[in-house]
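First comes the structure, then the notes that go with it.
Chain IDs A, B, C and D follow the sequence of writing; residue 1 opens each chain.
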């Protein structure tokens, strides 16, 4: 309706199988020049696979890709790039030891007579960053940037090749509100420049705000494509999940136990002035932007990167863990945010992963399947958490994110810690598994454990927690009671909480 | 203001290891010479003699730097050096006319071996340690079954490579300097260099950025083997002939890896550079020369050298918070 | 992540079946069949026992090395440690059989020390193991030569040499049973127990697979790594005792054995950089390597081509392993 | 697929290279005859001091090197990577101590078996200006030649053990050498071997000229006498490998009557292979290493031990001092006698107090620190 132009991109009847699984089946969609086409679906619905096919990382088993009406096939990302496709990938792929400029032009370095043209390189990088209204210095080392800045560099990298088709895979995941809105402005400008934008996102408001059409995927198949106006959030979610969101968050408990954890004036190199209390039976959410110190807080309490200042009490006893082992021994558990890098031994079996902490504390020469580490007990525990796998002695890398996370939960439940710290418990996990994990968290609290939940997902923090502690620049800047709105939390997180008087706000700072 | 600080910090990071090694090596050499009153070792002739010790290991190590930067490794260089030395002297058989063909054949064979190494690693996904350990064994076996001693000889004209000099400066030392400059230029100023760091730093990311990572690995290995071939040519010239054990007896495979790592290039790839490697080679040469001056007996020397290898790497890896295996 | 096809379970089961058949066993059976075809005496009990006796030290060495490999490292120092064991035994006993016990105890003490040094250099000084153990390779060899002055003082007494030479005769079923084969069997069982039958073994796997995850789960990564190096060193001392027993005193017994041990492990399916490997696999890997050497001897090929064949078999073992892993085995 | 490509290219390379094998000649009739001649000669020189004796040598004038003492003598050593070199190196140090009044300093550089390093070692000795004379034990013959030539221009050079391809050194000290070894050992086996007996040759490694000459001479004699040599294998000087090879041969041929060795380091291992296989002892030629001599005496072997005497390490030190004093020395080649150990002389050399890897022909019994310095008790 808005456009009569022929599509810039068509993906027709795309299918892709991996050994033992069919990831995509007969998926088609098109994107016209100047159109923003959103792709939605739960994690595992096949969005990423579809984008990887478009980016030349995977080759489809069936179907066809057309660029401006011409059939195309990509054996390597470089071919997709040459065909005018730019991709902002979900996983950060920066080189930490190289400069921002080097990262931005990577793969398409400007040369003069075969020699790298560093002046042009920096000028080009600067220009792209300027278009993004970013003040990142092009000579900075990428590894020294904050996560949000790194995400900006990723975006700049995709724009560097001046793509006619731009794929954005969850581009705002690490950005704060103002950065995200700047990005959306940019998308609008690109749209005006007749770039075809394929926009993959979880964030419903963004999709509503920016996209022209929406395609919903579920279980590797296309559910529908429709104009965004015709897709209110409720309908969209129903299409994606097959049910309503309301039943998502478990009801809060009433338990008000004694104080479990008390942090007084805690601090280290990244965080300071931390005062925090967690009671038994309570889920305390920790909100804040990326880089606000949430993760550092979790690690400090756990003992992995300990506090160097201040004191802690656990169960009324002085608690000063110097290592994760100390933390565990005292009754704390920690589920790291980066599961692949910090949580899982990918090549080992589900059972081995589930028994990891038990084995860390068992006698070295005990049978690996002694007592609680026995297969029967482990399997029971895994089944209780509804872990789905063909076999429990398969390597855990074959599992979906949700199931992997459940295995890690099983690992901690075996120790039955008093305090369990969840960092981004549902990052990269599909909706159904999310609900299950929320239920587990609440159930643990109901059974008298204290829960600290670090999350960048605002609906999640607000929906699950009994109390939300908000961090900003390494400090706790405020606290919101149960039932606070996302806006209240966000206001604190971006640092406005104290100065802007908002009588309606439920939060204090 | 933090932004203004960053480039300075970067420079510090990139230059401290080589500089430290250079200073440490120079100090060790100076002390040894002064302690033993071998003042002649501080003369031009003495210093040139010291530099001459760096040529063979330095040349291999330059190639090794390239593969380690892209997170690979080459254990076949020792055998490749032997192949290069033997082929050169065997083809030349003392005839000046055969010099050019011999050099060409050696470089061609070296490039071929390197390309195969790279292909086995990149395409067959064989761990580089095993791939090059295997190819080294294959080369050594083939070579030793064909030759069992010094084969042929190089003509006097070719010996100029190792023994010729302009003024006090031997061609070979100059050559190593130029090679080092060349590799440094390659790393800093060409796409290949940028891509090499990218593949070593984050192979998946490099691929996503449209870099043909397989190609980069093959190119790096080809260059590495070429440098090993050059080392073979240099040794053939210096020893006047090539024998199938010159590479193995020189322990160039493990020593080249050791100097690269001592020079601050990470085994995991993506960080490091040429000057660290050169400084590492210099350290090894200084150890040899100083121990000679000090008259350290052979056996204790081995013990001390092993300890220095560990200590040199430990000095800056200690700060590393992550896990190392 | 994705939908499972109906035939998933079946597919996986077939996959895991091939996964559970160890490459080392397969390669060994093929090579040994070739050996037996060429020289049938090798499948007779006496011939087979003789074969095992010679392969035993390498098997012992590989069974120790695999702990370090699975934990994600390398141990290049074992060759030197073997030399040190043999020279040390000569220096301590000086040919006196009554000192054999003391010598063996001292050697294991030395082994523990070397393993500790390796492990501490890697775990605390953060020196990559390939460099750290290269350093100890040089130093340990230097120490061995310094101690003996290059000229070890005494003969190895007969009771020491029994570990490499003694053969039980008239054993039912097998006819003769070399003591070194019994040692290999004991070491293999101990190593199997250590790696597959204890909590410690599982920790080694976890550390090799993902040290950070292991640490956050409460595993003492440093201690686990150090223990792996100590185990490898102890197996090297054992192999040294067997080799000294088999061949007597010499100053270069251990040379090159470190790479053979790693090769044996790799042929047996152990993965460099950690997380995968099995004792059965590496012991058969060691036997495969020896079967290969035997075969080449029998074929009368030049000794030099032995290296070539070893190189080819290494690359193809790993390439086929990588291929199987990629195709979802 | 890749593997096939790889294998093919390797094979092609092998074929290409194999055609060029044997480029260096180790089997010279002239040298063989010369060795025969030397073996028949009576050594000249002080009685009971074979390291100062010579076979048919001429004294040369060295007055041009004369300078006031005491002297700084430098030594570039190929390496101390085997017991023979260790014993020799101990001899040499002891000899330097014996001449303390004439030698101010004796500095050694160890090349660890690397030609490249030895060239640099020699160069830095020359450039240090701190050496009055330079002794070189070359790692390999051809490779060290240029470095030695350059050194000759600056100071008197003495070479021993392996030679160099130049006449510039004042003298080159060495025993009769490989051919002599091969001749005496092969003759012994020929004289003892029953008719049709099988001989196994065990060699350390290919390509070392001394070792190649030993085999060439022996092989010549075996061929001339129609001896059945069932194989010649390289042991790498490794006991375990030696034993394995011998066991394999015993398995394959049922019985081996004689073992010929180009070096005795693994002789005991070879003998043990027969013990372990339950076979009678073979006729065997080893070397003057104590473990072999002890075994020989204990088991009453039919054996023979040629020597490549370690006392040759003494001669260059003595000669260096003489040269610097301007006294005549034997040159430009100085052939030392090369005694053998036979059943008759065995008892002279077996010494249970010396370590197993000691070489009996060290000529060191009169030296300071004997026997502790050599590891004896």
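Heads up, the rule we're going with is that a contact is a pair of C-beta atoms (placed from the backbone, for glycine too) under 8 Å apart; a residue touches a chain by one contact, two chains touch by 3 or more.
Keep in mind the model is a prediction, meaning the values are calculated, not measured.
Distance between Cα centroids is largest for the pairing of chain A with D. Counted by C-beta pairs in contact, the busier of A-B and B-C is B-C. Centre-to-centre separation of chain A and chain B, using mean CA positions: 43 Å. We define each chain's centre as the mean of its Cα atoms; on that basis chain B and chain C are separated by 30 Å.
In this assembly, the C-alpha centroid of chain A lies 72 Å from the C-alpha centroid of chain D.
Centre-to-centre spacing of chain B and chain D amounts to 34 Å, using the average Cα coordinate of each chain. Those residues of chain D in touch with two or more other chains are numbered 2, 6, 10, 14, 80. Contact of a single residue of chain C with at least two other chains is seen at positions 145, 149-150, 212, 215, 271, 303, 308, 312, 315, 319.
Every pair of chains meeting the contact definition is listed here: A-B, A-C, B-C, B-D, C-D.
Within the complex, the chain A residues that touch chain C are 17-23, 43-44, 46, 49, 219-220, 302, 304, 324-325, 328-329, 334, 336, 341-348, 352, 355-357, 359-368, 370, 373, 390-391, 394, 399-401, 411.
Interface of chain B with chain C (complex): residues 120, 124-127, 129-131, 133-145, 254, 257-258, 261-262, 267, 298-310, 313-314, 317-318, 320, 322-325.
Interface residues of chain A facing chain B in the complex, by the touch rule stated above, are 55, 57, 76-78, 80-82, 87, 89, 91-99, 102, 106-109, 111, 114-116, 137, 139-141, 144, 157, 161.
On the chain C side of its complex with chain D, the touching residues are 39, 41, 47, 50, 54, 57, 90, 94, 145, 148-155, 165, 167, 243, 246-253, 255, 294, 297-298, 303, 308, 312, 315-316, 319.
Per the touch definition, chain C reaches chain A in the complex via residues 1-5, 7-9, 11-12, 15-16, 196-203, 205-206, 209-210, 212-220, 271, 275-276, 327-328.
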